[in-house]
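What follows is a pair of complexes built around chain A, which joins chain B in one and chain C in the other.
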Partner chain A sequence: MADGAPDIPAPPDARDRPRIGVDEWVAQVEGRRERYSGLRGAVERRWERIPPAARVLLFAVPAAAFPYVTTEGNVFRYGLFTLVYALLALGLNIVVGFAGLLDLGYVAFFGFGAYGYAILASPQFGNHWQAEAAIPVVVVATALCGLLVGLPSRRLFGDYLAILTLFFGQAFVVFVNNANRISFPFAGHVDLTGGSNGLPNIDPFDFFGYKLEGTRQQYYFLLISIVLVLVLLYWVHDSRTGRAWRALREDPLAAEAMSIPVNRLKLLAFVFGAGTAGFTGAIYGSIATAALPGDYDVGLLITIYAIMILGGFGSLMGIVVGAVVVSSVPELLRSSANARPLFYGAILLALLVKVRPWPRLAAVLAGLVGFGFAAHAIASAAYPRLVHGHAIGSGAFAHAMNHWMLLPSHHEKIADVAYVFLIAAIVIVPQLKRLWRTVLIPPLLYLVMFVWENLLLEQIGGATRLILLGALLVALMNARPQGLFGNAYVEIA
Partner chain B sequence: MSAGPPLLELDGVGKAFGGLRVIENLDLVVAEHEIVSVIGPNGAGKTTLFNLITGLYRPDAGEIRLDGRNLVGLRPHKITSLGVARTFQTLRLFLNMTVKENVMAAEYGRTKVGVLRSMVRTPAARREEKEIHRRAEEKLSFFGERLMGYRWDQFAYSLSYANRRRLEIARAMATEPRILLLDEPAAGMNPAETHEITELIAKLRDDDGHTILVIEHDMHVVEGISDRVVALDHGVKIAEGSFEAVATDERVVEAYLGVRGAEAEAGPG
Partner chain C sequence: MNWSLFFDLTVSGLTLGSLYALIALGYSMVYGILKLLNFAHGDVYMIGAFLGWFALHGLGGPVNPDFAAAGVLAVMFVVAMLGCGVLGVAIERFAYRPLRNAPRIAPLISALGVSIFLQNSALLVFGASFRDYNTFSFIGIKTYNVGRNLFFSVPQLLTVVAAICLMVALTLFVSRSRLGKAMRSTSFDREAASMMGIDVDRVISATFFIGSALAGAAGIMSGLVFGQIYHFMGFIAGLKGFTAAVIGGIGSIPGAMIGGLVVGLAESYATGYLPQGSTFQNLYVFALLILVILIRPSGLFGQAVIQKA
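And then the complex of A and B:
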């Protein structure tokens, strides 16, 4: 035993050494968090003190009040789609966020659910099932479909799994596009999916004779479903299965060595994810009243992943918030009246956070204002055509812009060139030394505003809002790679 | 010295990767309540031996028996459930889970409430969950204050290196093993921590009645804990017996220091 070995250094007297298990650095972690001062610390502490059930209410209560403060059109445009996205992302979160299986074919299950419900409740086959019967059938069928996709994926992880599931996803799209004349042994030719025309005239949900036809009814049905799924998932997360899923995400080999049957749990994750997607698909089919092949393609997949990345992998609340942001920001940005304050607000916020200390910030802002007036003065003296245009919109801000910003009367070409310069500048300026960066920030900001006022704001309804959403995601991933609510430890090499 | 009936038996076990024979015709017996150390230079096949026992690799030849039951061909999680748990030399904790969750996750094989029942939190599910919590706390309390209190809710990635090693052991204990395989438990620890882990391994056997097979490079630890030492070189057992006997064995010295070194050690003549 150890006593007989003279070479082992004896532990110093217990009273002299630091208390067992309290090495300095780690012990300070709590203290450091507590010491986050100002707004951030206060928000973080408050958030952690809210019990989980109350966090759901924090989302559910405003969401329930939403139809009462706005128009039916807004409920349809913002509300329904946000909730559909959120429910869909919650299902994907089981597969990717909990179990760590990179599933790129997930949207196919959503489509499977929609088509499944369409087959059971549309004129296509003359079936008009009640919702209380159709929904369970669709959910179970989609879950089985998830099991089938999961079976060949059992031994795969990471990028291999991603490729295989992507194949299944694309195969589904090809299938529904072409399954309008399948020949069956006894039934002859059957039009299963309507081909590229899809399946129209799907019935609304009909529960025991109560039809969910209005936007509001559908909205509340979705809301109740989400709250229910949130609660169930919250319980699963902190259960034996949830822990096993997360262990599998962290290290499949160690999980297997710790008595967790990895293959079975992977299949289980696929089944539950697919089931949730099938449920959401059935709801979506009944709301959209049609199942169209284009709705279940890679575009939607990227949106759902964006929601999950934005909110934070594995975080239930983060996903709901992510869905709200991803689905409502592009809608809000449709009108220039909304877009302008959001845009300038974001720039100001970024400056406040990133440019420190405050004298530097003041210098940058003063430099920006001065640069604008100087540019405007020089341009009106030398090339008056450069300032003859007018800012979009009216009001004090647009008025001020007319006297400060270069607004060429024929701006298309200049703005296009400026846009290219801007992208180059955004790539180059952060690489420069600190002094040059500070000096160049005001002209860069001016260039940003120039492109915004002359080019982007005009096309706000089109490409611009998507560009902005992309920029938002890029900025967020740099600032918080684990997502808004994620607490995963992300190592940046 | 044998402390009881044989618990783990390896019978002519062999494993080759392509043309490279990593383990050759290895016989090994670990008796109940015994602490056996496996030593050998780098690449001797020590970790491969652990991977064979826990089912991560399948042996090409031979039999591995736990309490008479053949383990060859079983899935690793099944082998763990039967009572073989291990730690990893390279530390494979579930980093984004809390300390307590790491231990609780390893109780999977000992519990049975399914996903549907935990989804709606039936009374049985709640009871079992409480029991899982209790057992995890018990395992963590084994390490004194080191993994207790506020540490429970800390993420594993925030732990110091030594605490990660301790948590690996706690996690392995949570599977309620009959035999515990420790892969270099003292690697990367300072002298005081090494001393502590030496006492801990002895305590694991004396207080908890575990049987332990340990790979270790630190000869002080090996000397301090071992009932018996097995030396491997190139996948072949070259010596077995008490620490003194193995440490002075000619072939062991040769394996560590090379033939010339061993000659120098033996002195001129």
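And then the complex of A and C:
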């Protein structure tokens, strides 16, 4: 410090010690931004300068062009689901990202919307409402439902709310599965939800006689809805209410002391989130043309949370990016022709970026190759069954794989077990000390490739997908508690 | 009044209640020390049930076990409790400890991730089908009549007695032993405890070990009582264990026991007496949870918490 300013003590690195000198930390905000030099810093600074409207366009224009560059089937498989996820995650972001309330029953509101629309516009009760009447009714009803669930949360802080809403989500599934058998006191026996069969044959949206039937029309309707919601949320984010929400998220007690009406704001966030979910549910019901009880379970909840966390709490465009990544990457990996180069390319890139200096990288790669041959030799001597299979595909690469990789002939079970261990290892290894990390990387990489060649190349979905997302939540919370694109906020101990 | 139905419901309610109480203890102890809801706790219970199943089959299976049933049972309990304890410690070490000073929401989401990971790993590794403890041919479901139509069966008796023994042991441990004293002081004020020379990390690990071991024992008991286990059993059981912990006052050990019994009895009576009880029993428990939170958020034995920063 040339100008004689007193030396500022370096903040302690250990994360489990309280941070001293929070004021300095706040004062250094600009400095921390500058820290990213080079490409990353340049990109970040450019991004900061783009006004919100242009950011929305940056997403909306390629999305609008998407149906023109690909087939109808692709639009249905990637496009519609990505947009539904994005809209859902944006709604969840109001509750979790803005107001900091952990709502684990969010998917139930989505289901509530779908069933609500199904009751208003399907042969079940013979109602065939127009969309312009049904959508507002569904949204308002879902928001009211959110109000009811939020009411007991008035007196709860964080954790109770989380489990209460988790229980609510489960209760919703139970109710929907069995509501076909309830007898009401005055109306008699009413089949409200069709039980485990769900409600089929839901009408497509019908605005003033114009039906949204084709995939493309539905896609554009969703896209317009998302853009509207995004604009609305950018506006809310900077409004008085939005700022109050963020204050509430950072510190409810301090917010209350600043005379912010904490309870009312919590309820408001809940109601907004539920309303968005109900809206998305109505759209989803009309697209899927059926409301099934299995669609609104924990699996969807995890997907939405993964999207939101990948995007970063409170970061709107991050969430859209997260939705694209989470919903399209498993789909892309599904066809093995383009999956293999993509996969090994990604691994190589990650190694090049993460493992430095180059002698260490060379050691890791040599260790990997050596480990593979050793494992192959030991396995073929001890358990020949483990090497009798053949790699998928043909060509030099698959041929090389046959001599290097363990390819059991009946690989279902062992690959499943290996997968579970692999995911646990991926969470655990980065937390170990440096030497252990270096030693464990080659076996870990080998395990990755083993699982890839034996399990994932054939099928990705169901349980494997959920395990991956679950591990993603743990790993990301460890690495960056604020999410990939979120801003770290100051934690005052 | 149909006394025989009432007695039946009471006995099954007490059995269920002891299971929930054992699960609730883990929730409550962890919450008392870390102020963290361990969502994965219910899934640890599920893993315990599976570990017990593997121990049972490793010893020759339920129909013709290689040893006497009592010995097999002892081995099952030891395997499941040790395994679950180690699992709990690992979960704490790798999923919660790095987040101890992160924003409050981060460990909750991490806990959710662990829960999903355990559930789906069990689905992938153990398969989706039910596994059978086959209690009938293992220890027999002999039913005793204690007069006035009060029946109970061997597994039910075993569960209640074992649960009571475990709880007594836990209470003694927490109130008498040195580590128990450290636990109490850590849960009272973690920073002050660490200043007094208590190794807080070790105490937290021990808490996770004990809580998870109790959940593992509960898993085996549920396998014995209900006969069947499956990968998704931990989810609802975890929710109910949490309900029990809240009803008793979260953070309080006797509260967790009483709360477990209340939830078990309430569920059992709801199944028998309320309309559509067997279908909607979970909804009734949920309603009970909301009722308690509205009327007495601190629970039966808990003290109202004055929130500080």
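Here, the second predicted complex is superposed on the first by the 330 of 493 C-alpha atoms of A that agree within 3 Å, B and C clash if a C-alpha of one lies under 4 Å from a C-alpha of the other, contacts with A are read in each partner's own complex, and residues count from 1 in each chain.
By definition in this document, a contact is a pair of C-beta atoms (placed from the backbone, for glycine too) under 8 Å apart; a residue touches a chain by one contact, two chains touch by 3 or more.
Please read all numbers here as calculations on a predicted model, not as lab measurements.
Asker: Per the contact definition in the header, classify A:241: touching chain B only (first), chain C only (second), both, or neither.
Answerer: first
Asker: When both complexes are superposed, which of chain B and chain C contacts more residues belonging to chain A?
Answerer: C
Asker: On the A-aligned overlay, A:232 touches which partner chain: chain B = first, chain C = second, or both, or neither?
Answerer: Only chain B is touched by A:232; chain C is not.
Asker: Should A:268 be classified as contacting the first partner (chain B), the second (chain C), both, or neither?
Answerer: Only chain B; A:268 stays clear of chain C.
Asker: Contact-wise, after the overlay, does A:260 reach chain B, chain C, both or neither (first, second, both, neither)?
Answerer: Only chain B is touched by A:260; chain C is not.
Asker: Quick check for you: in the superposed arrangement, does A:282 touch first (chain B), second (chain C), both or neither?
Answerer: In the superposition, A:282 contacts neither chain B nor chain C.
Asker: In the overlaid three-chain picture, which partner chain does A:444 touch, first (chain B) or second (chain C), both, or neither?
Answerer: A:444 sits against neither chain B nor chain C.
Asker: Taking the superposition as given, does A:319 touch the first partner, chain B, the second, chain C, both, or neither?
Answerer: Neither partner.
Asker: First (chain B), second (chain C), both or neither: which does A:251 touch?
Answerer: In the superposed model, A:251 contacts both chain B and chain C.
Asker: Mind sorting out which residues of chain A both chain B and chain C touch, each in its own complex?
Answerer: In the superposed arrangement, which is not itself an observed complex, chain A uses residues 17, 19, 251, 253-254, 489 for both chain B and chain C.
Asker: For the complex, give me every residue of chain A touching chain B.
Answerer: Residues of chain A touching chain B: 1-2, 4-5, 7-12, 17, 19-23, 25-26, 29-30, 232, 235-236, 239-244, 246-247, 249-251, 253-262, 268, 272, 487-489.
Asker: Could you list, by residue number, the parts of chain B that touch chain A in their complex?
Answerer: Per the touch definition, chain B meets chain A at residues 54, 56, 75-78, 80-81, 85-86, 88, 92-97, 101, 104-111, 113-115, 118-121, 125, 128-129, 132, 143-148, 150-151, 154-155, 157-160, 163, 171-172, 174-175, 191-192, 194-196, 198-199, 202, 220, 223-225.
Asker: Under the definition above, what is the set of chain C residues touching chain A in their complex?
Answerer: 31, 35-37, 39, 94-95, 97-110, 112-117, 119-121, 123-125, 235-236, 239, 242-243, 246, 276, 279-280, 282-283, 286, 289-290, 293-294, 297, 307-309
Asker: Which part of chain A faces chain C closely enough to touch in the complex?
Answerer: Spelled out, the residues of chain A in touch with chain C are 15-19, 96, 100, 102, 104, 152, 155-160, 162-164, 166-168, 170-171, 174-175, 178, 181-182, 251, 253-254, 298, 302, 305, 309, 313, 416-417, 419-420, 423-424, 427-428, 431, 463-464, 466-467, 469-474, 477-478, 481-482, 489, 491-493.
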